[in-house]
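So that we are looking at the same thing, I have put the structure below in structure tokens.
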Amino acid sequence: MAKGVKIALAGEGGQGVQSVAMILTEAAYAMGKEALYIPNFGVEQRGGVSVAFVQIDDEKIGSPKFKTADIVVALSDRAVRRTTMYCDQETLFFYDDNIEDVEEDLPKNSKKVVALPAIKVAKEELHPRVFNVVVMGAVIGATGVVTEEKAKEALESKLGYKFEQNPELREMNFKALQRGMEIVKEVM
Amino acid sequence: MSVQPQMPKSWRSETKPHKFCPGCGHPLILKALGEVIDELNIADRTVFGCDIGCSLLAWDFFNVDTIQTHHGRTTPVIVGLRRANENVIGIAYMGDGGGYAIGSQHLVNSAARDEKVFVLLANNTQYGMTGGQMAPTTLPGQKTETSPYGRDTELTGPPVQGPEMVAAISGENAYVARGTVGNVRQLKKFIKKAIQNVMEGRGFAFVEALSLCPTNWRTNAEDTWKFVEKDMATYFKVGEIKVPGEKKEG
Amino acid sequence: MGVEFKAVTYQDGKGIFHLFPGLCKGCGLCIEKCPVDTIGWSDKLGVFGTPTVEPGHGKPCIACKMCQLVCPDCAIYIEKVNKEKAQ
Amino acid sequence: MTKPIEGEKKVFMTGNEVVAWAALAAGAEIMYGYPITPQNEIMHYWTRMAPKYGRKFLQTEDEISAGFTCTGGVLAGKRAFTATAGPGNTLMQEPMSMAEMMRIPTVLIVCQRGGPSTATVIYSQQETTMTCYGGNGEGFRIVYSTATHQELFDYTIKAFNTAWKYRFPTFVLGDGYQSKMRESLSIYDPEARNIEMVRAEPYVVKGGVPGENRDPAHLRNTYNMEEELYEVIMDHAREYEKIAPEIIEYEEYECDDADVLLVAHGVVSRAAKGAVKELRQDGKKVGHFKPVTLRPFPEKELLERAKAAKQVIVIESAYGQLDKLVKSHLYGCSTPIAQYFRPGEGITIEEVVQETKKYL
Amino acid sequence: MSVQPQMPKSWRSETKPHKFCPGCGHPLILKALGEVIDELNIADRTVFGCDIGCSLLAWDFFNVDTIQTHHGRTTPVIVGLRRANENVIGIAYMGDGGGYAIGSQHLVNSAARDEKVFVLLANNTQYGMTGGQMAPTTLPGQKTETSPYGRDTELTGPPVQGPEMVAAISGENAYVARGTVGNVRQLKKFIKKAIQNVMEGRGFAFVEALSLCPTNWRTNAEDTWKFVEKDMATYFKVGEIKVPGEKKEG
Amino acid sequence: MTKPIEGEKKVFMTGNEVVAWAALAAGAEIMYGYPITPQNEIMHYWTRMAPKYGRKFLQTEDEISAGFTCTGGVLAGKRAFTATAGPGNTLMQEPMSMAEMMRIPTVLIVCQRGGPSTATVIYSQQETTMTCYGGNGEGFRIVYSTATHQELFDYTIKAFNTAWKYRFPTFVLGDGYQSKMRESLSIYDPEARNIEMVRAEPYVVKGGVPGENRDPAHLRNTYNMEEELYEVIMDHAREYEKIAPEIIEYEEYECDDADVLLVAHGVVSRAAKGAVKELRQDGKKVGHFKPVTLRPFPEKELLERAKAAKQVIVIESAYGQLDKLVKSHLYGCSTPIAQYFRPGEGITIEEVVQETKKYL
Amino acid sequence: MGVEFKAVTYQDGKGIFHLFPGLCKGCGLCIEKCPVDTIGWSDKLGVFGTPTVEPGHGKPCIACKMCQLVCPDCAIYIEKVNKEKAQ
Amino acid sequence: MAKGVKIALAGEGGQGVQSVAMILTEAAYAMGKEALYIPNFGVEQRGGVSVAFVQIDDEKIGSPKFKTADIVVALSDRAVRRTTMYCDQETLFFYDDNIEDVEEDLPKNSKKVVALPAIKVAKEELHPRVFNVVVMGAVIGATGVVTEEKAKEALESKLGYKFEQNPELREMNFKALQRGMEIVKEVM
């Protein structure tokens, strides 16, 4: 069996990790793969770190959560601290290079720890709002779980109503996706 | 020590920033409450009970003994405690769902029995913690997760008038008022009189505070204030409703 | 006893405006309530990584303390200029 | 009015959405409910979709009321249902005990969360005992435990049919993971699959004038003498035991030659199945037995497998709730039973593999 | 057929004599109700729900479909039924314990939601079926099994004013009244208007009837009447409290 | 203030009166309650006697409130208790699940009546499962099942001590027969028997100013992450299992050489004992095992007896509630277990004799 | 449809007083409410083995039907004498 | 072991069977015997037939209820119908000879069916109110479970406060007890 991919995405409430998880799994589903996505949630409506657990596979997926991920993406200092528990020596750990004072907290034993310039790229080249799409691009670039095309379709189906009103937005999102795929190649 | 935030002394700074959302009304109510606890100097004998609802996020909020109970059950826990120890100043803090829906039998019967406890209720017109469902207090036409097409009063009645109900069921020694986070100074005055009513063993005390829930209202700061000060004010009249042996302010 | 919070201090009109970024969640409630509209968004980020606030965006502060009163997070402390002490 | 689902459709959605669609497809006419995480979105989807198909909704003041209004809806002859979790499920036991006594075919979807008390809003399997045997009764109930979104859809539809066919309160036992996770499944119009939809019938106001051309319905749950009550309960017991074989469902995976038998229900069975898959690749004789109905329990079927095995392991996100069920139903069997309990916590394939290896 | 008792047609003669004690007030209320059902000719679409409490003794009382429910839960069962079938005239019958204590959340929330059901409540100032314990309605000083030295209002509050509370919580379409078995004709009138209020889909209807419980009051016939007409009347004002769009009779 | 009981006294009274006296003797300071048959007279006696000894009473609006006010009384540091039955016990599960989670040593006297639902006001053993495992929890509770008025007195006193010693909610499981029947027993001042009375202590308002010279008490039952909850529950589980051997109690009657072992609890064990007495006179090797604690269950002790026997018969006024307990705890034993179930009905010596003879 | 009850019939003043012993539980409520006090205890026993009631103990019946109205068991039926039919 | 006595007493609400059971068992308890008394009860406060189950023995008593009684006493027609279920061939069945239309319903198989003139004796010789004490006397006369003396003491302790106000009442009760003991001898 082709071993599936397990991804844990974590960030602050507004950083859009749940949207990334959703679009990724929608894209995988559209490709005929099996996908399972479960958000973490607690009693607070806002304030906690938001984590998304994503699995994509060719076969039916087993338990919805997992002990350790193939890829962990952490987008804030708290997210870094929260997600090291999902790492082992097989894990690829991404975090944004904009996050300060987390050197101490980065996973010690994981396969690779990669600082992504996602915030920077989004801010400088595009718009801070599409930061999460850059991240998604990076994940896709690193894993190839979904094709760029299907990711675009999923973006379209999720944000299409916004794209209608503002076609520039479509451009910007697609660009963000591409740039994400590129930067991950650069830094790895 | 450098300049520090003007938190009430009874707030526990170790647990700040607190767990409420940005712009939430709960902490505004709890600020008024904290200041009253400070002013009356009763932190040592106050027991603060918080419900399930966003009020539970205050379980470690105060430098005051705190019991986080079940949804709707804070009133009986505090009543039971106060019955067992009359020295305690018991405060039951809850949301509109906890007080007017699932815990309404406790609210009306505690009021009816004239329990010497203070029930403080945050009315944010919906169920905050569970993500914004309709509550008894939801305004006509207001969209919530379980009234997605707007509350239809034909089907679900008008917004509940809680303090008015409590006033109708309680005896003459009860203190009943409705305040708002739109007027924190007045709210604080009501809270103080309420606590004094139970401190002096006079009778039951109830204050509803109109509160804010920008998260579930999906409002920005401007609309948040507008909702509480315009929309809610249309249905919920702020003021004192029952004051033992005194003229009401309203 | 208790923890300490760091303030960013601004002076504007009659008010010394202490803002505690470790407490400010960027809700904007204070902005709306300032009678002279002096409060606006700052570049400094708060506890949730969202912008905090600062005075100086409108007419000078009259030290009415309304912003302090309505801040759900006690992230603002206003001192009156004439009562100002050296810190 | 068009049908909520025409034919068959592949979808990718959350479990709560699945339940709402299944209830619509099953022809549920009214939902009664009170918010509680992780059940809320069942109501959210229902309130959005139901009006389009002439279905109704009532949000009550608490779960006690949600349960009792639901019995009222059923007595009116409607396919009525409710959904809850955790402390709400605890409260629901009062109305469900009445439904049990009066044979009112309520349907209740349980989205288990952590326990006891408020605990967590997330996930657990700690409502197993209560859902099967809660209240001051004897557990004459039907409980389907689901593991996948497909099962959630299938058994939610089935629950309405089972309930109305046998007139015992019927439960779909899910959990917070299933509620909140997204995966793919096929949703369908039950007619398109020739599923027989059992007719709902009113218990009261059935036409005619009571006392003139028919007897009035006089429904009660109270008896004056213990002998009367004994007869009523024994009637229920006999009937329950008679129909049990028709209702029992279970799933076996690689059980035929299994030396180690993993018993798990609900979402945990996915981890068990995954572990078996993995261990079988290493040539280990491991199998998985999943009871789908926890009430009635597939006793004979499990017994046969357990007897043939050298070791049984009960795996659950609770502290012995399934274990008690298994042990009491397997009494007499001498195969040792080991336990892997993670109360309130999810269980992964990795853990099960690791745990199982201890017995290989 | 020889001369026969003047029972309402909707009474089921096969189950008479009924199960209530000699001199009980419940059957007087049910006589008024039965006559109204006859006059409105609605036996075919009425569902009578009775609570646990002595009201359960009416489970086979009427030639009307009847559901005997749980203590305090008759209101939700009838509400659920009426929501599912709007043709039904749903009557929830209960005692003061069932309505004001254990079932009070259902009473106030059904009133608040303006459910189109009729709640009829027999107030006999205590828990009849369980042998005479204190109820929310017990009079000051009244001796019951759980207030053996007389109800102390300092400790347990004054008698609950049920209809007044329902009036405070319900919308303007609700009908609310208090009658008494001491004036059966008036009580019947209130019941009729209440049923008409729900028949016409106008809104919620609530009637409290002051009732008799010679068994637990331990009164002879004379004192039984005295208790309801003098003692109870002091605390519970008979009359209409809320009449949609009409002048009240009081 | 004089003591309610000086020294020791022989009396003839109803079980409800026994409980009221026992609570007084145990130093119970406050009772919370809501009327329900057959429990009422506990409150009647208590309200008459309590004021004479400075004890308090609160009649609440329902059993949910009786349970939660009782937790409040306990948190205030008082020996507080409540009593209920049937549907009231069902409702009591919500507060008891909180007590279980927060380790609040409430004492609850259960006077079982018929079930499910309202059923009868008389008698049954149908609240066994619920009292042991009710609510959305794991049953970390202590349950004493009593058979005689003497036990009712002894174990009501003991319940307060066990509760406060171990801080698990503690139950005395009686029934309507015991509530309403009169028989003789000795009541006594526990001190006169040198029974150690475990001190009650406040959980809140313990003196000092929180935040100044002590930490505030921040008591909660809600957790944000499943890992947190798992740890809390496992802590409780470990502690519960550690103390279980100290708590377990049971009674054996003529078990030494018994071929047929009658297992019964509560008032039914009197019939079992009577039957053993009668059958032994005929030379039959019959014995009786009575678990006094149903939670924790005397598993090892029963297992030993059951293994030595040729036949076990479970006898209960319920449809398999004790049976499930026995079977799950005896798993692995191969002695056949037969059942004699009379849900909601009393069981007489004659019946037990007759039933037992089938296996002799 | 329904069951039949046997009446004991008395005439007193303007009223024909039908009493159904199979229904009368001897509560005495009617006695207290009769404006002319004509109702009193009878030797005839009712359904619970307790005495039933009869007219003729006070001033003549005025056929006001108050007794019928307040009887919780519908054990009394009053006919007006002038409306009397032969039975 | 001396087999104990099992007695079932049944009557209408007002007939005082529970008092009889209470006084009997109090007397037995005072004599140092084991006694157990349990009333039946249902949901109705009044209206149902009132049944008392009494057991008196030298040893601890087993189950509180029993299938068949040694003595059944039924004081009304409904009580007769209700209590035949407690009879077998060992049972002595007493009923009041004043009860009409129950011939059909009397137990067919019991050891002896005895019509007691208790109502008559009470009415004609004493006062209808002490009817139940006559019945108690009859039970004592037939079984000897308690002595006349202890029965009198139990009566005294239960009704003493009434006897104080009206000493004639004491006489009447004691007389009733005696007459009960006598009539049972006469009719058996």
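Here are some notes:
For reference, chains read A, B, C, D, E, F, G and H in written order, and residue numbers begin at 1 within each chain.
The rule we apply is simple: a residue touches a chain if its C-beta (ideal position, glycine included) is under 8 Å from a C-beta of that chain, and two chains touch if they have at least 3 such contacts.
Everything numeric in this text was worked out from a predicted model, so none of it was measured.
Common neighbours of chain D and chain G, by the contact definition above: E, H. Per-pair tallies of C-beta contacts place D-F first. Look at where the CA atoms of chain B average out and do the same for chain H: the two points lie 62 Å apart.
Averaged C-alpha coordinates put the centre of chain D at 30 Å from the centre of chain F. Taking each chain's centre as the mean of its C-alpha atoms, chain C lies 54 Å from chain D.
Chain B and chain C have centres, each the mean of its CA atoms, that are 27 Å apart.
Residues of chain G found to touch two or more other chains are 2, 48, 50. In chain B, 12, 20-22, 52, 56, 70, 101-102, 104-105, 109, 129, 131, 136, 156 are the positions where the chain touches two or more neighbouring chains simultaneously. Each of the following residues of chain H touches two or more other chains: 40, 42-44, 47. Residues of chain C touching chain A in their complex: 48-50. Against chain E, the residues of chain B that register as touching in their complex are 100-105, 108-109, 112-115, 136, 153-154, 156-158, 160-161, 164-165, 167-171.
Those residues of chain H whose C-beta lies close enough to touch chain D in the complex are 40, 42-44, 48. Across the complex, chain B is touched by residues 2-7, 9, 18, 20, 22-23, 25-29, 31-33, 47-48, 50, 68-70, 72-75, 77, 79, 87 of chain C. Listing the residues of chain E that touch chain D in their complex gives 9-10, 12, 43-45, 47, 52, 56, 59-60, 62-70, 73, 76-85, 87-88, 105-106, 109.
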